[in-house]
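Following are the structures in question.
What follows is subunit A paired twice: with subunit B in the first complex and subunit C in the second.
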Partner chain A sequence: MTPIGGLLTVYFLTDYHVSKRVDFKQQSVAFKAQVAGSGRAKVTFSGTSTGDAASTADFSSLHGGCYFECQDIQFEAATAEAGVNDKGMFRSRGNMTLRLSNCQIDLPVGSDQCVINNDVFCALSISNLNGGTGSVAGRWIQGVAAATDPASISTLIATNLTSL
Partner chain B sequence: MIQTISFEHNGQPYYNWSVASAQETGVPAAVISAAVKQGARSEVVVFTNAYRAQISSASPGKLAEYRFKEEIARDPASAAPAELAMIDREAAARGITSEALLAEINAKASAYRQIALLIGALEAETKAAIAAITEDAVDIEAQIQTVLGNAKALAETAFNDALIQINGGA
Partner chain C sequence: MTDTTTHDVMVAQTAKAQELLDYFHGQRDVQEAQFAAALAAFPNINRTFYVDQAAGNDANDGSEANPFLTLQ
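And now, the complex of A and B:
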């Protein structure tokens, strides 16, 4: 178990498929790519989480205030299946800080998959990020429309994005 | 603070990229330059609006009151007697003469007008200076930061001077 104040680092040595919710008990988790010969590792998420038909597969923290840091990863979501309500790739049971650096977000065109689930108080830091399948506007946080002023979202603690 | 830029290139959106990273990945200089300038223009709007917010009351009713008072103080001889009577009551409540209150209103109105107009001028001048920077300037980030820094320094000095006047002198 990672001690309080410690950082669990998960290295993706190859592409990885997330088929169900992955609950982290640690407070701070870093996801990094270490793929031979290329920069980014590809992490794909299922449209329905095994064992939880109301949710897509996601990375989740059981910790009250968690920190997820992601570097050099291409996150790809699948279209949620019928009846799925929770459509974010990241979530937490409490406050969450999500930092995406040198990452790519691929969200199915025409779907309403999102980066962050709508039940999370979060801080969101973005740097050097690409939208692989198009704009991520309106899909950073589930239920928050494109071009929304971040300051108007009460569940968003802070972000360096000027528009959602 | 490192400025980040957001832009679209080859049909793909880029969010919060550093200029250096964008250059390293082969994004054309014209695309980077346009994004840097757009970010700077947005920053100008943010900081000028922040000053405007500081000199504006949050209450539309209070702003209307300021306008009425300025109108009365500018030409008390033409003011309606009933309105002048209200000025007399406020002056009495504050323990000063009506003439002193009218003089105070005029001084504050003058300071408000001066700073409001100056912010508008600074906003236009800063945007023009940003537009004048050549697209292929290798030091475009530095030039933009100089322009923004100068504008912010001028605005802060003028704002603080106006605030002293608005608050009744030094």
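And now, the complex of A and C:
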């Protein structure tokens, strides 16, 4: 769609369901909403990726040093099926910057679905996050417990969160 | 005699200066044309696409009026 190194901006005109992994070749991808009569677009992830049985459906960059920016998006994950090990909504093949602005995150209560997969070096910037279903505390990064000091996580390059 | 020589030298220098100026302008035009061609050949690395999972079509061009159906 765009040359490597470019910026891809995607506007969701409706809610969107992610049923399998979406690999982005671009280095920077921005997701924005332009839904008639609504402020946010709802992006849902199914529990299991059709293309990769070991992973939850997710947004994945084929780049190291990639940048995902999301504005006005309501993310909702479903509980993964048994045997699915990777449970993040975002991942990359290297380090990643994830910026969520005016977003909502709905994670299923009682599951360990999370925002970022645990195999990613990331920088995480959150602004104006709206509460959703299930607490995001302890589920920003797969396997990192709630109330963890971000400075203690070696894979977290930088964040404006004071607690995970 | 001296005045004539000085005049001739000034005319010659003016002609040389004009020649230099013409050369400069010519080179500038060539470089501007090459720069414009290089810019025109540079791919558009910033792209915007629209996705509509209700009414889009992956055969569309991804514009707001003709959005894609999926991110794939």
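Throughout what follows, the second predicted complex is superposed on the first by the 160 of 164 C-alpha atoms of A that agree within 3 Å, B and C clash if a C-alpha of one lies under 4 Å from a C-alpha of the other, contacts with A are read in each partner's own complex, and residues count from 1 in each chain.
Methods note: contacts are C-beta pairs under 8 Å (C-beta built on N, C-alpha and C of every residue); 3 or more make two chains touch, one makes a residue touch a chain.
Every value quoted in this text rests on a predicted model; they were computed, and no experiment measured them.
More residues of subunit A lie in touch with C than with the remaining chain of the pair subunit B and subunit C.
With both structures placed on the common chain, the touch criterion links A:Y16 to subunit C but leaves subunit B unconnected. Contact with subunit B, but none with subunit C, is seen for A:G131 once the two complexes are overlaid on the shared chain. Residue contacts after overlaying the shared chain place A:Q34 against subunit C, while subunit B stays out of touching range. In the superposition on chain A, no contact is made by A:I153 with either subunit B or subunit C. By the document's definition of touching, of the two partners only subunit C reaches A:L8; subunit B does not. Judged by the touch definition given at the top, the superposed model places A:T162 against subunit B, while subunit C stays out of reach. In the superposition on chain A, no contact is made by A:V84 with either subunit B or subunit C.
Residues of subunit B that touch subunit A in their complex: 4, 6, 12-18, 21, 42. Of all the residues in subunit A, the ones that touch subunit B in their complex are 126-132, 134-137, 160-162.
Taken together, the subunit C residues at the contact with subunit A in this complex read 43-56, 62, 64, 67, 71-72. Taken together, the subunit A residues at the contact with subunit C in this complex read 1-3, 5-18, 22, 34.
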